[in-house]
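Report on one structure; see the data block that follows.
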Amino acid sequence: MPISRRSWSVDRRTILKSGALIAAAQITSPFVIRARGETPIRIGMVDPLTGVYAAIAQNEVVGAKYAAEEINKKGGILGRPIELLVEDSANDVGTGVQKTRKLIDRDQVSFIIGDVNSGIAIAMAQVTSEKKVLHVVSGGHTDPITGTSCSWNVFRVCNSTAMDANAIATTLIEKFGKKWYFLTPDYAYGHSVQASFEKILKSAGGTSAASLVPLGTPDYSAYLIQAKAYSPQVLINVMGGGDQVASLKQFVQFGLDKQMAVGGTLFELESIRAVPDGARVGWWTMEWWWDQPGVPHVAEFNAAMKKITGSAATARNWFGYASVQTLAVIANQEKTLDAPKLAHALAGFKLPPEIALQPGAPEYRAGDHELMSTVFVGEAHPPQGDADNMFTVKSPVPGDKAAGPVEESGCKMQWPA
Amino acid sequence: MQSRKLIVLVAIWAVLLLAPYWMAPLGGYTALATRVLVLGLAAMSLNFLLGFTGVLSFGHAAWFGLGAYGAGLTLKHLATSTPLALLAGMLLGGLCGAILGTLIVRRRGVYFAMVTIAFGQVFYYIAFQWSSLTGGDDGLRGFARQPIDLGVFRLDILTDATAFYYFVLSCFALAVAAMGFILRSPFGRTMIAIRENERRSRFLGIPIERHIWIAFTLSCFFMGFAGALYALVNNFADPHGLHYSQSGDFVMMAVMGGMRSFWGPLLGAAVFVVLQDYLSSVTVNWMSFVGLLFILVVLFFPRGLLGFFQRSRA
Amino acid sequence: MTLLLLFNITNGLIVGAFYVLMALGLSLILNLSNVINFAHGGFLVIGGYIAYAISPYVGFWGALLLAPPLTALIGLAVERVLIRPLYGRDPLYSLLLTFGLAFMIEDGTRFIFGPQGKPVAIPPFLAQPLSNDLFFITGYRLFMVAMVIVAIALLFVLLRYTRLGIRIRAGTLDLETVAALGINVRMLRSLNFAVGIFLAGLSGVLAAGQLGLEPTMGTGLLMPSFIAIIVGGIGSLPGTLAGGLLIGVASGVTAVFFPAASEAVIYMMMAVVLLARPRGLFGEEGMMS
Amino acid sequence: MNVLEINNVTKRFGNLVAVREVSLNVAKGELCAIIGPNGAGKTTFFNLISGFFPPTSGTIIFDGRDITRLATHQRVARGMARTFQITEIFPELTVFENVRIAAEVAGGYRLRPWINRVEATKVRAHVEGTLKLVALDNRSDRLVGELSHGDQRAAEIAMALALKPHLLLLDEPTAGMGDQETFQISQLIRKLHRDSNYSIVLIEHDMRVVFNLADRVCVLDQGRMLAQGTPKQIAANEAVQAAYLGHAA
């Protein structure tokens, strides 16, 4: 799936107008949403399209592109069409920062979206707040983004790790017990999830131990041996991406699934697809789910995604979609592109149902700019009927309940004078 | 001969000095030029060793990354002074390189390359795992380059991209001048002697290991300096800067530009950075093109772009 | 605690066996061709994806049988077209070329198979632990170790008793003399490269069953193999074997006491070995230096 | 007084004994030639003297000091210089640059990050004088790699000379040369020996050169010192003839 942009050239404006070159661009860049008459409003998106997060990042881009098409069909922003410029951060902070500067300085984008990698997202936020550009973090989960590192111009669509942990912790305690073992990736995301879990577990009087696992570890046996020696009631698997796939696979191969429950925050649909049936187990949270009978617009969105990707919509598709839609709807409501004005308007803004695609109307909480999105707690299982029906939602937890009070986020929002 | 060299030199500096003015009309942006300078300096530092001593280090990113952490940690915890940060970065990269250098200077060829990769990875894992100090995978943040107080006026390098470019350019000029100076000294000539013929050099009374170690150490200091600048560019330092794939990029820049020429690596860095910046915007499969570039350069331009032009002119 | 330690040592041997498989291929190529094959992890990925692609038609066992030789075939083609022109040139060039090749392989697999990881199922009877206590010794891991032993035995037979093998060994020691004896060195290097890639392909199939398949999986597996070679001593296949097992055990044991260092420890080990014995545990003086 | 005293040196490579208990004294100003059939251990012997590797046993005394365990560059610093059987030069540098590196090392400037004008002038004069001595002064700007074989050998000798040695080790200086070039080189060596009074140890195959130049000839065979003496004595020595004829047969 090539994600493309117009080319870099001597005089971009003349080239854009040149029919021959536009024809050439058609071949190389099928996804460009191009100017028609009006100068387009540009939205820059930076995501790790290559590297270990490529699968989920590309799914975010699919959702974002779809949103851009929908918006353009309905007249764009302020009557101008929008153009989505996608840049690859290559899962590298330096590159991500560079691309953000490029989008703002050279391409003059009005908004920035990204990144899946929390570290890059925070580094990007430094740039966007320096440049005073409205920034939606689509898929980076660590708490500081809307916590200690929060910024007036940064809004987040996906959940914080604390929200996910809070939503599922009680379920795990009630269902399985209070003796836990953590398999935690040794970086900020992992530490932050584990800390959230431990806080709840401790207040419930439980005990736990943990293995901090280096990212990209291929073999988990040494950690699983320790986990088993601790004989916990629940193994909390915080690993992400390919690490989660490998660790779960080995967990099941070792027969540990018969001795303890497994669960954690995220086991994204992309990851569930990457493991064999045997390893499709455990209790997890989904930040969005494609099968929500009775909730308006969800089925249409799912069908649209299915048409593009060939399989059911994932949470990442929705993150990308919701990010772009948020920007469009707030700009159209406020009739301006001015970042501080839009940021003020977004604080406390409730997503309309055709964007929210979930029960209720989640809002961007004014105190920390976190979207109070529903957390879907449930159980993973091999496909039942539909090939993508590999997760059953047991209890949707409203976002504001999962998030806890805004004071706990640690965010001290400061607005520019 | 001499006058042609002078013309080339003047041309290079003219291009660099005017970069903020000609880049934008060509569709570039100043931050890209800054990046080219910093990575170009890194490639030249590597080439100081690779091209002029003939020793292939494939782990040089470690010193680059350490330089970045040195600068970042200084700004964050010690002092909010840009020059001090640069100095600290250079020292951290250089000293670590000097110490490790003693372990590896006896190796040669492939073995030297392998051992440098492996030692580079040691530092990568340290930076990656020691998250309380380095921020781990999320990187070190929460610092920013500080305006330079020149007494008469303050140079606002934080928010003014052009001012920052010129700041980096003057740092670059300083480092490059030092490099050129060393290469023209008797010591520099022993480096070239070692590259040309190690056995002959040994029997000319040059203690090879010691000289390679010194060249290695100097190169690490330059690399650390470049890394410190890189931290200022991003206001950020992360473990990826130490990874061997970053080393590979530096080696590629040096080879692509021309290892035997002083300015070659800068050209290589410019082509590499701009191409990667462009390709990764145009296609998600940019890695294939970069990989292909590696292969084509190795197969068809082993002497680099400058080497190629010089040869075809001759 | 002792039991835990014992478990981890056994487990380390199992993990190490896998590194050995990778490292042996890498080492073969390094010894004869003086090429550090950075694309070795890439060939592992190719092996795994070939297995994934053909297993619906030929089953797991068929894939195990077919994928390594198919990977070797690709390796042979790559050697002919890309690596061969570099023999006799500075090792820098082969290093850079295979580095670029690794990029292309990663991106190519992503292009063909998508960024999404692929599930690879293994025969159910292998997916069971042997006993409740020795749960970490699953049928599959035992099977992996067995495959490694078989591969090493075959490699041993090949190197010791076949003409090709004897020539490879002789070439490793003194390529010029081998060439002077009228042996086709180019052919020798090609076949040797193919054998090395065969081992990478086999590693790929085995890894796919254990870890799952992803375009980026090769990178993480390359470095430990690398260290195995340095620790064991460049130029010595028994050294590589010992090095692989040693780092497996070392990282397993460290994971018990200081998990954060379980990756760094193998590098530390390398540093210590280089300090005490610069040529590696089994390396011979003068080799490659 | 002896410049070089070699006492019972032996060098083993595993089972192979390349040099077996060889002793040799070289007096100041003497030109000593080492001859012997291929594989006699001549080059190994040279490598022992110049410090390429240490001997398994035995001692080497240079200028009255034990240098057996010293590294090559330390021996060079004490005034020893050598050339190689296969020319070892810096082919991509000019003749002048080649010799200048040696001259700067000899001047003690090799670690200097700069060199002042006076020192540079001194080095230049030294290089030019040395080039004049070997008659390369008119080719000093040429790349050494482009010179004729004979001139390359001369350049290599010039590099050795620029080190201001008191002992010159020449490993087959006429190897691979035609008659004309051989004549030129042997004239040069004669000049160095007679006029500049260098102490020289020479390995040579060409017997005309050996008997023409040498004060003393040493014969090595299978790692052993078979005989030493004046050229006349060696020419008459039956054991030497047997060794050569035996090998020739």
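Residue numbering begins at 1 within each chain, and the chains themselves are lettered A, B, C and D in the order written.
We take it that a contact is a pair of C-beta atoms (placed from the backbone, for glycine too) under 8 Å apart; a residue touches a chain by one contact, two chains touch by 3 or more.
Note that the structure is a prediction, hence the values are computed from the model and not measured.
Visitor: Would you say B-D or A-B is joined by more C-beta pairs in contact?
Guide: Between B-D and A-B, contacts are more numerous in A-B.
Visitor: Work out per-chain C-alpha centres and flag the one nearest the whole-protein C-alpha centre.
Guide: B
Visitor: Measuring centre to centre, with centres taken as mean CA positions, what chain is farthest from chain B?
Guide: Centre of mass proxy via C-alpha means gives D as farthest from chain B.
Visitor: In angstrom, rounded to a whole number, how far apart do the mean CA points of chain A and chain B lie?
Guide: Chain A and chain B have C-alpha centres separated by 35 Å.
Visitor: As a quick test, compute the distance in whole Å between the mean CA positions of chain C and chain D.
Guide: Each chain's C-alpha centroid was found; their separation is 48 Å.
Visitor: Calculate how many whole Å lie between the centre of chain A and the centre of chain D, each centre taken as the average of the chain's C-alpha atoms.
Guide: About 74 Å separates the centre of chain A from that of chain D.
Visitor: Measure off the straight-line distance from the CA centroid of chain B to the CA centroid of chain D, and report it in whole Å.
Guide: 42
Visitor: For chain A, jot down the residues that touch at least 2 other chains.
Guide: If we look for residues of chain A contacting two or more partner chains, we find 50, 58, 186, 214.
Visitor: Could you pull out the residues of chain B that touch at least 2 other chains?
Guide: 125, 129, 285-287
Visitor: Show the residues in chain C shared as contacts by 2 or more other chains, in ascending order.
Guide: Within chain C, the residues that touch at least two other chains are 107, 110, 260, 263.
Visitor: I'd like to see which chains touch which, written out pair by pair.
Guide: Every pair of chains meeting the touch criterion: A-B, A-C, B-C, B-D.
Visitor: In the complex of these two chains, what residues of chain D are touching chain B?
Guide: Result: residues 50, 71-73, 76-77, 81-82, 84, 88-93, 97, 100-102, 104-106, 109-115, 159, 163 of chain D touch chain B.
Visitor: Over in the complex, which chain B residues touch chain D? Could you list them?
Guide: 181-182, 185-187, 189-190, 192-193, 196-197, 199-208, 211, 214
Visitor: With touch defined as at the start, can you tell me which chain C residues reach chain A in the complex?
Guide: It is residues 4, 7-8, 11-12, 14-15, 18, 107, 110, 114-122, 127-129, 132, 135-136, 138, 140-141, 207, 210-217, 219-221, 251-252, 255-256, 259-260, 262-263 of chain C that touch chain A.
Visitor: Please output the residues of chain C touching chain B within their complex, sorted ascending.
Guide: 30, 34, 36, 38, 82, 85-86, 89-97, 99-108, 110-111, 223, 226-227, 229-230, 234, 260-261, 263-264, 267-268, 270-271, 274-275, 278, 288-289
Visitor: What residues on chain B touch chain A, complex-wise?
Guide: The touching residues are 24-32, 35, 125, 128-129, 131, 135-139, 141, 144, 159, 161, 230, 233-236, 238, 240-241, 277-278, 280-287.
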